[in-house]
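Same chain, two partners: chain A is paired with chain B first, then with chain C.
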Partner chain A sequence: MAAPLSSLDAWILIAIMTVVSFLPRAVFLLFAPDLALPEPVKRALRYVPAAVFPALIMPAVLITDGRIDFSADNARLAAAAVAALVAVRRGNTFIVVLAGMVTLHAMKTLHGA
Partner chain B sequence: MNGEGRAGTLRQGAQAALPIVLGYLSIGFAAGVVQRASGLSVAEVMLMSLLLYAGSAQFVVAGLIAAASHAQLPVLAIVATVFLVNLRHVLLSAALAPHFTSVSAGRNALLGLQLTDETFVVAWTALVRGALPQRGRAAWMAGLNLSAYFSWAAANLAGALASGLVADARASGFDFALPAMFAALLVLQFTAPQSTSPEAAGQQAAQRARMRGMLVVALIAAALAVGIALLIPGQWNILLATLVAATLALVLDKAWTSARTS
Partner chain C sequence: MLPGATGSFSTGLICGAAAVAAGMSPLASMAIAAFGYAGTAQLVVVQLATTGATLIVLSLAGLVVNLRYAMFSLSMSRYLTGLNFRQRLVAAFFLTDPAFALSVARFTQHPDEGHRYAFYMGATLAMGAGWFIGVALGTALGATMPASWQIEYCVPLTFLAMVVMVVRDRPTAIAAAVSGITALLAVNLPYRAGLLAAATLGIVAGYLAESWQRR
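Showing the complex of A and B:
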């Protein structure tokens, strides 16, 4: 557990990382109101949410140890399917998350993993 | 808006963050454990948590620091990776910006500081469902952001303090809370109540076409994100998949529109 970095190094590193993670987050919220984006860009941006959700979900659910796992043993896949089903039936996100986590733990317990 | 109204809106935003809080408490705990185990002190973990405030980036940084345990710390590589991992926020920030034009630049900067995948997703869903008030939008967003932020910090602290007691926090499956939430919100996007304006009836065909477009985009993005993750090492997949899918959507959108009107 020996730290490879001195305290000062770590703090400088954290400071730089802070700037680098702040800029992408704020740049448009800060400047876009005054910035007339071209119409095609605006239209494309409306599709960003539809694209970003599956891009976040599918790798997390499908990929195990660097390969696609489509088997019934993939507890995450099953849990995501249950979460999606519950989401269609009820709008409450909290219940959906809970259902997904319960499914995942049940599957893991069943498989003894 | 009077003070009570704003406090009420702030509270509504904080309540909307409930699923995020559930996810952050569990995955944030795992992040705290992993960061502490990489050799960072509790204070440094908390600095990362409060300043960097980016789940995947914090996991990646911990991994890079741990991997460099005896070598020179690859500062440039770490900074570049963090930048890359967080670059997708440009798209999220850009997507939200048109809905926050009435908010001052200073406030938008503060709101942007705490923008995450999860807060974006919840805020966007509220926008689509018309649950986000036009007035007090900044207060609502601040409530959402602050509950997410503090639950993340608290979970990081608990994880950092408990590190050593927990063998493998990630293997426990707690980190699944976030994919489950994304799945829920994705479904909500498609089941969002349609607008009830007088022209709504005439717009229904267009709405359906847009839904179909969104579905195609979602499928393309999913395939791309998985494919790129398998082919290209690093954290490129989410940014690239989103960028390509949204651009393709634009092309398809144009084709569909001209097909309808011609």
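Showing the complex of A and C:
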């Protein structure tokens, strides 16, 4: 599913990241210090993180070859479940990732893959 | 400032390893960290690029993830007054979550702080050092790890940790659920357009849920 990036892709990504990171940071500090955001826009912005991350997580965890995969063979599902549990209890990103990766490989070893 | 720097270090570690796992050269991995200077957006953009998203989709996704910086930028422009253009340029480029959080905390507790720009730059330097050391280490380690380690799975796990932190009440939980379900149903849309559909519906759902809750 994942194709390695070519070196051209990589430099295009660097250019994109430079632009999409700088513009929001500069909008008020550099360009328009007196511009005021309308209240509904501020309220909507509050939901951006909660609405973006699950859209990235769910396909990465549950989709195998274009289909939803709830089977026990899906080691990524068990890894994500353990990571979620750790996240709810501790909240430290590094420990969450570590717990998930350990589970991923434990499950793969268990299934002999 | 230490929590900010260690947080940036571990994000940098994952970002460096993920960039190399996606096929970027060590130089490109360092460059995207330096010029973009935004860990979460970088993880999103790089991951989307490996799964066949078009440039428009991944640019929009990166922009959406970085929208919070516009709010930080607004807030900081109220505090950092009297700067010249070069100082404002530097302040904008190095605006990050920990630098913002530390500065706002300081400026609220000490409204008479006379060296705001210096404080802000100190905060951003501490976290920037953590970030670059993390990225360099992640890049070096990532290049030596075999593909069977599936190091790229660190990325969705990082997002998982973040979503748990941002879901704090019913409207944010509804936003997250609507987004996740939409993303699964729309996964076979071309160019990863399902991501934008899911994010948009999630934001609308959270917004509406909050409106209903207020009645």
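Worth pointing out:
We adopt the following convention: the second predicted complex is superposed on the first by the 78 of 113 C-alpha atoms of A that agree within 3 Å, B and C clash if a C-alpha of one lies under 4 Å from a C-alpha of the other, contacts with A are read in each partner's own complex, and residues count from 1 in each chain.
Methods note: a residue touches a chain if its C-beta (ideal position, glycine included) is under 8 Å from a C-beta of that chain, and two chains touch if they have at least 3 such contacts.
All of these numbers come straight from a predicted model, not from anything done at the bench.
Once the two complexes are laid over each other on the shared chain, residue contacts for A:Leu104 go to chain B and to chain C alike.
Legend: residue contacts after superposition of the two complexes on their common chain; A:Arg76 is shown touching both chain B and chain C. Look at A:Ala44: by the touch rule set out above, it reaches both chain B and chain C. In the superposition on chain A, contact of A:Phe53 is made with both chain B and chain C. In the superposed model, A:Val61 lies in contact with both chain B and chain C. Shared interface residues of chain A (contacting chain B in one complex, chain C in the other): 1-5, 7, 9-11, 13-14, 16-18, 20-22, 24-30, 33, 37, 40, 42-63, 66, 68, 76, 79-80, 83-84, 87-88, 91, 93-94, 96-97, 100-101, 104-105. By the touch rule above, chain A contacts chain C in their complex via residues 1-7, 9-14, 16-30, 33, 35, 37, 40, 42-63, 66, 68, 76, 79-80, 83-84, 87-88, 91-94, 96-97, 100-101, 104-105. Within the complex formed with chain B, the chain A residues making contact are 1-5, 7, 9-11, 13-18, 20-22, 24-33, 37, 40, 42-63, 66-68, 75-76, 79-80, 83-84, 86-88, 91, 93-94, 96-101, 104-105, 108. By the touch criterion stated above, chain C contacts chain A in their complex at residues 7, 10-11, 13-14, 22-25, 28, 31-32, 35-38, 41-42, 44-47, 49-52, 55, 58-59, 61-74, 76-77, 80, 85, 88-89, 91-93, 95, 149-167, 171-173, 175-184, 187-188, 194-195, 198-203, 205-207, 210. Contacts from chain B toward chain A in the complex involve residues 18-19, 22-23, 37, 39-41, 44, 47-48, 51-54, 57, 61, 65, 68-71, 73, 75, 78-79, 82-83, 86-98, 100-101, 105, 108-109, 111-113, 115, 117, 120-122, 124, 128, 173-174, 176-189, 191, 213-215, 217-226, 229-230, 237-238, 241-242, 245-247, 249-250, 253.
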